[in-house]
Structures are given as C-alpha cells and as structure tokens.
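Next come two complexes built around chain A: one with chain B, the other with chain C.
And now, the complex of A and B:
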C-alpha cells in the first residue's frame, strides 16, 4: 500500500483509543484519536479521513450525528460504529443509512482490523496483511 | 411456551404430586440460574485474559448481571428451602454492597487520574477498566479472595442448603404418595411422573417406560435393560420427565441421589447435574468430562455445554452403572 489509510478514532472512553491506536498503526494506518465528539467533528471539517471509527453512544453528540456530519462533508469516507450490545439494533439501523459496518464491545483488535481491511478494499486501497505477519501476531 | 403456560398444564389432582412437580421445575430454574452465573464468570475471565477492547460500561454491566442472576438464584433457593430465606438474603445483601463498592471505588479512582497524566509506559497499570474487571473476577471466584467472600462460595452455600432441603423434603420422602398414585409396580423400580401432562402413571394395563416420550430417560435406560424393562417389586426411584427433561431422585432413606438433565440437542442449553450424598458412588458412576465438587455433605457433579452425542453417551453410562 503506497499511502497509509487515514483513520479518525472517536470514543469517549479513553481506554478504547489508547488500546486501539497501536493495533491500527501496526497495519499501516495513520490514526488520530479523539474522546470529545465536538473536537472530532471539527477535525473532520478540516480533513478528509478514509475511515472514521466512532462510538455510537456518547454524551455530547452520538455516533449517528457524527456519521451525518461525515456523510455531508466527505461522502467517500467509510464510517464504522462501535456499539454496546444494548445498541446493536440502532447500529443495524444505521447500516441501512449508509454506515459501512459496526462492531460490538467487547471486541478484539483483530475483529476491527478485519472491518478496516474490508473498508480499505471498498475504497480501492486493500491492506496486505500477509506482509505484516509476525508484527500482527504481536499486536 | 413460557413456564406459566406450562405450569397451568400440570393438572395433577393430588396436591403432593403437584408440589413435587413445582419443586422439580423450580430446581431446574435454580440450576439454569447457576449455570448463567458460571457463564458470566467465564465471559469476564475470557475478556481479562484475551486481547479484548472493552470499556467501563462492560464491566459494570457484568457486575450488575452477576448480582441480578445471583438474586434469581437466591429467590429460587428461598422457594425450595423457605426456612433458609432470611440467611440467604442477608448474605445476598452483603454481596450487593460489595458490588456497589467495587463500582463506586473504581469511579473515584477514575476521576483522580487525568488522561493527560498517563504515559504509554504506565498506561497498562492505570487502565481502570481492567483493574475493575480484575477485582470483579476476584469477587466472583478469586483464588486469593478471603474464604467465603466470593460469589462462588455463596453459590455453593445455596446449593448445599437446597440439596439438604431437598433431601429432607416431605414430598420426596413420601414413598406412599407415589405408590398410591401409581397403583402398580413400575418398570426398573422407577415411579414416573410426566411433568406436563394430566396423568401420573401409565395407561391402564401398560407398565412400560418406553411409553414415556422422554429423550433423556430413554438415553439413561438405553443400556440398562433396553427393551426388556422388567417390573421391579421394590421401587427405589421417582423420576419426573418431560420430552427433553429428566429429574431422577432416590426414594431410599439411606441414599440421597439427585440427577437433573436437559437434552434438547442445543449444546448451549443442555446439561447434566448430579448430587450424591455418597461421593464414592459418583467416582464409579461418572464418565469423563464432569466437574466435581466435594462438600462435607456429599458430592456435586456437572457437565455443561455438551453436545447431543456426549449427553446421550454420558446418560447411557450413568444409567448402566446405576441400574445394572
């Protein structure tokens, strides 16, 4: 892959960004982490990301509002929702509106990496996991 | 069909038989709640050991689910052994307080740590979600937790009370209740009650166990008499059966034995649970794969999440060892 995937990761639980960022960097993504949805939306206003990964349930602004903002500003960007089991129906509904995929917490980084790979494929920039072999196992 | 609708179908006119059926159904619910608790423990353990991403909400929900399910188990225990109710609820309240303390204490620590203060090197040691899960697992079933302070220890106490209550139950000891209601000598020395039908014993003139459409009962007796089931002059057993359910109890005063099994073909739901007051019996009775727990009162054994084939094989071996 010539150009790294630009990923914005938004979750108001700091642990999610802290634990996920290294896992995504290892597959060649360039990751910006946000805990505040307003700050994330402001950043999305400035920069086109390939993929936005956002929690669905946040206090100031929920994931669907973030998705709407992305869709209006950058229609090419793929949005992936992180959800708890209680909100799975909402996430499925969101997929009908154009969200690329969703993942339910708790999850393994590998599960999200697979969805990211699918999104990259859909963007025409597939990730070559085979070239990452041992590094990925360590991640 | 929900349990209330099923209960309405129990139309045994004899109050003692009706009570026996209700106790049997309640005990199965009790086991299902215990199993759900073990599944919650396992889920938490898996998340702690594996490379999972979870948040505080997951751990809090896990703790709340344990408390909720433990409450259901306590309620079942109180229905089965009403005289233990006060003691069980007192201990349950202690566990509820422990749960709240776990959640609240973790919240305080969380506020005290600013994300900006966390360096990558120290982040693993201050991830409050992982710390909270670790503490919750200690409370569930921790090896280092103080004796009798864990949920698992409390579950064992409830089990013991329920089993002791079951062993001394007037209904289960009332051999004449089953003799009078059946009115005939049963096959294999087993009185049979269909849990969900308006009949106590078999149709007039027919005394074959094969007429009962119960999958686990058929498995149990498959290798213990087969088609040549013989009428037994000294019945020692009472079995409550449904199509997928079997609850087998010893009627002997000097031997307490209780087997409960569900064999629906769904491995996630099916199980075999056995209690015997003589641990030596279980040592010779059980096929491999059972988890056993010894107590001063007897031995528990269970096998959960088992395939259709395993449940068939296990019941066949148990039946052969028990009746041959």
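And now, the complex of A and C:
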C-alpha cells in the first residue's frame, strides 16, 4: 500500500461528513470534508484529488456544476454523486457525461466504501478492502 | 325541449322535504296561478255586473218607452175628448164623439193596465181611472141635460174633472219622459265608465304581475351568477309567501347541493394532486435525515468498542435529532393530507400561511426561487377550515413556482385589509404575468395552460370556491412585465359571523 487515496467529500449536511470521514479514513483514504460547494470548488482549484464525492442537490451550486469544475481541471479525477432517490434520472444522465458512479441516499458507509474501492481500482491504485475484514464482518 | 318539459312535470322531482328547502317551504302559498285566477275572476265579476245592470236598465227603459207610447195614445184620446167637449159647449156639436174617444182611452187603460200599473203604481193608476170615470160621468150627465140651466150646473164640474184628468196624465208622462231621458244618458255613459275602470284595473294588475315576475326573475338571475362564482349557499326565502317560483327555488337548492357535492369532489381530487406534488418533495427531503440516521447508526455499531463515551453520546443524540427532523418533515404534510371532516374554527392566518410555505419548501428549492414571507403581528383571527385554506395558499405558491425561472422571487404579505374586519394575504411573483385575454378565464374550472400531466386547472377554481364560502374574495392583478399578484381577503372572526348570517 503506497500513497493514500486523496478524497474530497462535499455534502451540505454536516453529519454526512462527520460520519463518513472516519469511515473512509479506515480504508486508507485521506479525506477533506466540505459543506459549502464554493469552498470545495476553491480547494479543487488548488489540489488534485483522486476522488470527489459530492451531493447532487445543494443550495448554491449543484453537484453537476462541481463535476464540471473537476472535469475541466483534473480529467483523471473520479467523481461520485450522492443523490436523493427522486433524482436518480438526473444521476443516470450525469453518468453518461462521465461521472464515475452514483449512490442514493440513504446509504450505508460500506456502500460508499465499495464504490470508492471500485474507483480506486479504475484509477489503477486498488485499495485492500479485505484488510478491514474484521470490522466489516462486524458491521 | 320536450324532454325538459316532461322533466319538470315529473312528479318524482320533489325537493320539498330536502333540509335546505325547509325555510322556503314554511310559508303560506299564493301561487301565480291563483293570482291570475283571482284577477280574472275579478274582471269576470265586474263585466258580469255591468252587463247585468245594462240589461236591467234597458228592459226598464223598454217598459218606459212602451208606457210612454201608451200614455201618448191615452193622452191623445182624452185631449181629443176634451176638444169635442169644448166644441159641444161652444158650437153645440155632437157629444157622441167625445164619449167615443173617452171610451177608446178607457179601453187603452183596461188593455194595458198591467204595464201602466207597473209604472204608475196602483194608487196613481186608481186616481187616474177615477178622474177619467168622474169626467165620463159628467159627460154622460151633460149629454142627458135637458136645458141650459142644467148644463150650466154640470159644466164647471166637467171642466174641473177634465182638466184634472189631463193634467194628472200629462204630469206623469212628463215625469216619465224625464226619467227615461236620464236612463238613456246613464245607459250611454256606463260603458264608458266601465271601460275606464277596466283599463285602470287592468294596467294595475298587469303592472303588479309583471313587476313581481320581473323582480323574481332578476333575483334568480342573481342566484345563477352567485352560483357560477362558486357560492353554494342555499337560496333563502325573499318573500312572505310561496308560489311557482318556490318550486324553482327548491330545484335550485337541490342543484346547489349537487354542485356543492361535485365541488367537494373536485376539491378533494385537486388536493390529492397537490399532495402528490408535495410528497415528491417531502420524500426527497426525508432522505437527508434518514441518511444521517443510517450513517450514524452504522458507524456507531461499527466502532462501538473503540468510540469514547462522549462520541457515542453525540452519535445517539444525532440519531434522535435526525429522527425528529424526519418527523417534522412528514408531520406538516400529514396534517395537510389528513382525511376526514374538518371544522370551521378561529385560526391564525399567519400560521396557516407559514405552514403553507413550509409545505412547498422543497418545490421552491427545486425551482431555485426565493420565497419571502412577511407577516404583520397581532392580526385578528379568521374563521376558516385549516386544510382548505392551506390548499389555497399552496396552490397560489405552486402556481408562482411553476412560472418562475431560477432566481425568481415570490413575496407573500399577510396584513390587515384597508376594509375593516378583513385580513389580506398577497402572493406576488415576478414571473411573466398572465396575458390579458386569459385573465378572465383562469378561475374557470379545468382552465390551464400547463401540460396535461402538470396541471388540471382546478387550483384557482377550487380556491375561489373555498374563499367565497368563507365570505372572502380572491382576485388577480397581473401585468405582463411585472408579474402577478393574487390577493386573498378574508373576514376576521368578528365580522365573519355578521357576513355568514346575512
């Protein structure tokens, strides 16, 4: 296991970041959490993340706009969308545009971990999901 | 046409006993038919009297004329007799002729005695006959007188009786002539009087009936207008008695009841649609607290042994808070969607409007428009049905959301109306406005400019019905460039009771 996966997590619900950060750190990611899309976009402008996880519906700027920023700046970065169930159509459409995957609320931490593992593999830097075996079984 | 007529005649259609018709029915009945019948009988009686009277007077006149004719003959005869009497005294001609004429006169009296008696009355007739017979006796005496001396004695008596006889008859003839003339005059005038009285009476009856019919028809025109505008309160008696229009009013009330029922069905179906729209938003909104709860609970189990007490406590509290948040999200909608009879109660209009904005919060968010609520404090309460009022405001806001593009503005003001006793809610948007040519139709049921799956066109029609029923009004001010303002005015509790009792 070489370099940790750099993950940016954006959701305007604070609890999402609070719970997912430790969950992702456990599988060897380095996570930065944002609640405000503008701040997140600013950060993306500065740093290349391996994976960006963003909510699709937010007050000021929606997930697709964030995705466009990422795509322009870092074409290699994988973007994962969090959606409400009602917006699944929108998410499918987004996938056609190059979004890596989407996950519908409500989800379990493991669901996101699985998608992140898939993304890591697609990036050519697979993470050892099974190293967490013990906890996962418990979960 | 025929079908309608048979419909009306159908004896099964009888709404007398419907509860909404009780007040209509509890009145004495004076039907239009009865009124017409009474007027006609009055005319008939009047005509009959006048005709009968004319007949009577003409018969009377006839007998008078007959009498005058007879009297004329009689007069001629006795005058003739006197002339011969004079001739006899002056020129000593024959007295037979005088007696002859007197005999004829007597014959006339005998022959026509019934007719003459009728007019003269028995007493006068007797006097007349007596005068004549006295004169006759004197004449006979005169004829048999032997010498001039005897004659001299008879002549004064003869003259006296003769002139008495003639003048008595003459007086009567004259009197009868005058009376006949008077009768003629009357008989000539009566038709004229009759005509004028008839004319006055007829114009009066006509005016009275026409006025009543027109007034009632006007009232019914008002009713149809009122019903068209969605006011489904039953017709109350406007007069002190019943007639054929009462049947019409009863039928109207039945129709109003049916319309009200249909209106409620529409109202319910529109509400269901609105709930459908809102549910989509609420379902989405629910995902957030659900997701927060699921993530927190998952991590709590996953890290249960490694977490500090403090962290565990925080996470449990998060679960509680998020569950409550979910409850709040659905509660409002459930309140709105709850089935069953809702009652009219004194309500805080500010709270109703605020609840309505909360119901549509997701739609507002999806559309990326801004909603601003401005509510005056200390407003008087209003009378109303909570759910139905929310339905009105939800529809107004959703209508605005539907026409706004992202960044659009919806401003809602709740304030006192300038008319005392009313509160005012204005919903204003800065959308494209409503073109003038459809402004008159937007309150019509099923009028919509939206795609079939998006709008039924029931919103404003149903809203108007709801507000009208509460004694308020809803109207529109729209300007193609400046957007649309819907104004809802509702009576406060103090004034509502007055309005409802009207």
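By definition in this document, the second predicted complex is superposed on the first by the 134 of 139 C-alpha atoms of A that agree within 3 Å, B and C clash if a C-alpha of one lies under 4 Å from a C-alpha of the other, contacts with A are read in each partner's own complex, and residues count from 1 in each chain.
Basically, a residue touches a chain if its C-beta (ideal position, glycine included) is under 8 Å from a C-beta of that chain, and two chains touch if they have at least 3 such contacts.
Source: prediction; values computed, not measured.
Trainee: Given the superposition on chain A, are chain B and chain C in a clash or a fit?
Mentor: clash
Trainee: Between chain B and chain C, which makes contact with more of the residues in chain A?
Mentor: So, of the two partners, C touches more residues of chain A.
Trainee: Considering only touches as defined above, state whether A:35 meets chain B (first), chain C (second), both or neither.
Mentor: Touch partner of A:35: chain B, not chain C.
Trainee: Give one of first, second, both or neither to describe whether A:44 is in contact with chain B, with chain C, with both, or with none.
Mentor: neither
Trainee: Quick one: is A:27 in contact with chain B, with chain C, with both, or with neither? Answer first, second, both or neither.
Mentor: Neither: A:27 stays clear of chain B and chain C.
Trainee: Quick one: classify A:107 as touching chain B (first), chain C (second), both or neither.
Mentor: both
Trainee: Flag for me the stretch of chain C that overlaps chain B after superposition; candidates: 169-177, 313-321 or 475-483.
Mentor: The segment of chain C occupying space taken by chain B is 313-321.
Trainee: Name the residues of chain A shared by its contacts with chain B and its contacts with chain C.
Mentor: 13, 15-16, 19-20, 84, 105-110
Trainee: Of all residues in chain A, which touch chain B in the complex?
Mentor: Interface residues on chain A, with respect to chain B: 11, 13-16, 18-20, 35, 84, 105-110, 112.
Trainee: In the complex, go through chain A and note every residue touching chain C.
Mentor: On the chain A side, the touching residues are 13, 15-16, 19-20, 22-23, 57, 59, 84-87, 104-110, 135, 138-139.
Trainee: Which of the residues in chain B come into contact with chain A in the complex?
Mentor: Interface residues on the chain B side: 47, 50-58, 61, 115, 118, 123, 127-130.
Trainee: Over in the complex, which chain C residues touch chain A? Could you list them?
Mentor: The contact residues of chain C facing chain A are 280, 283-284, 287-288, 290-296, 298-299, 301-303, 318, 322, 365.
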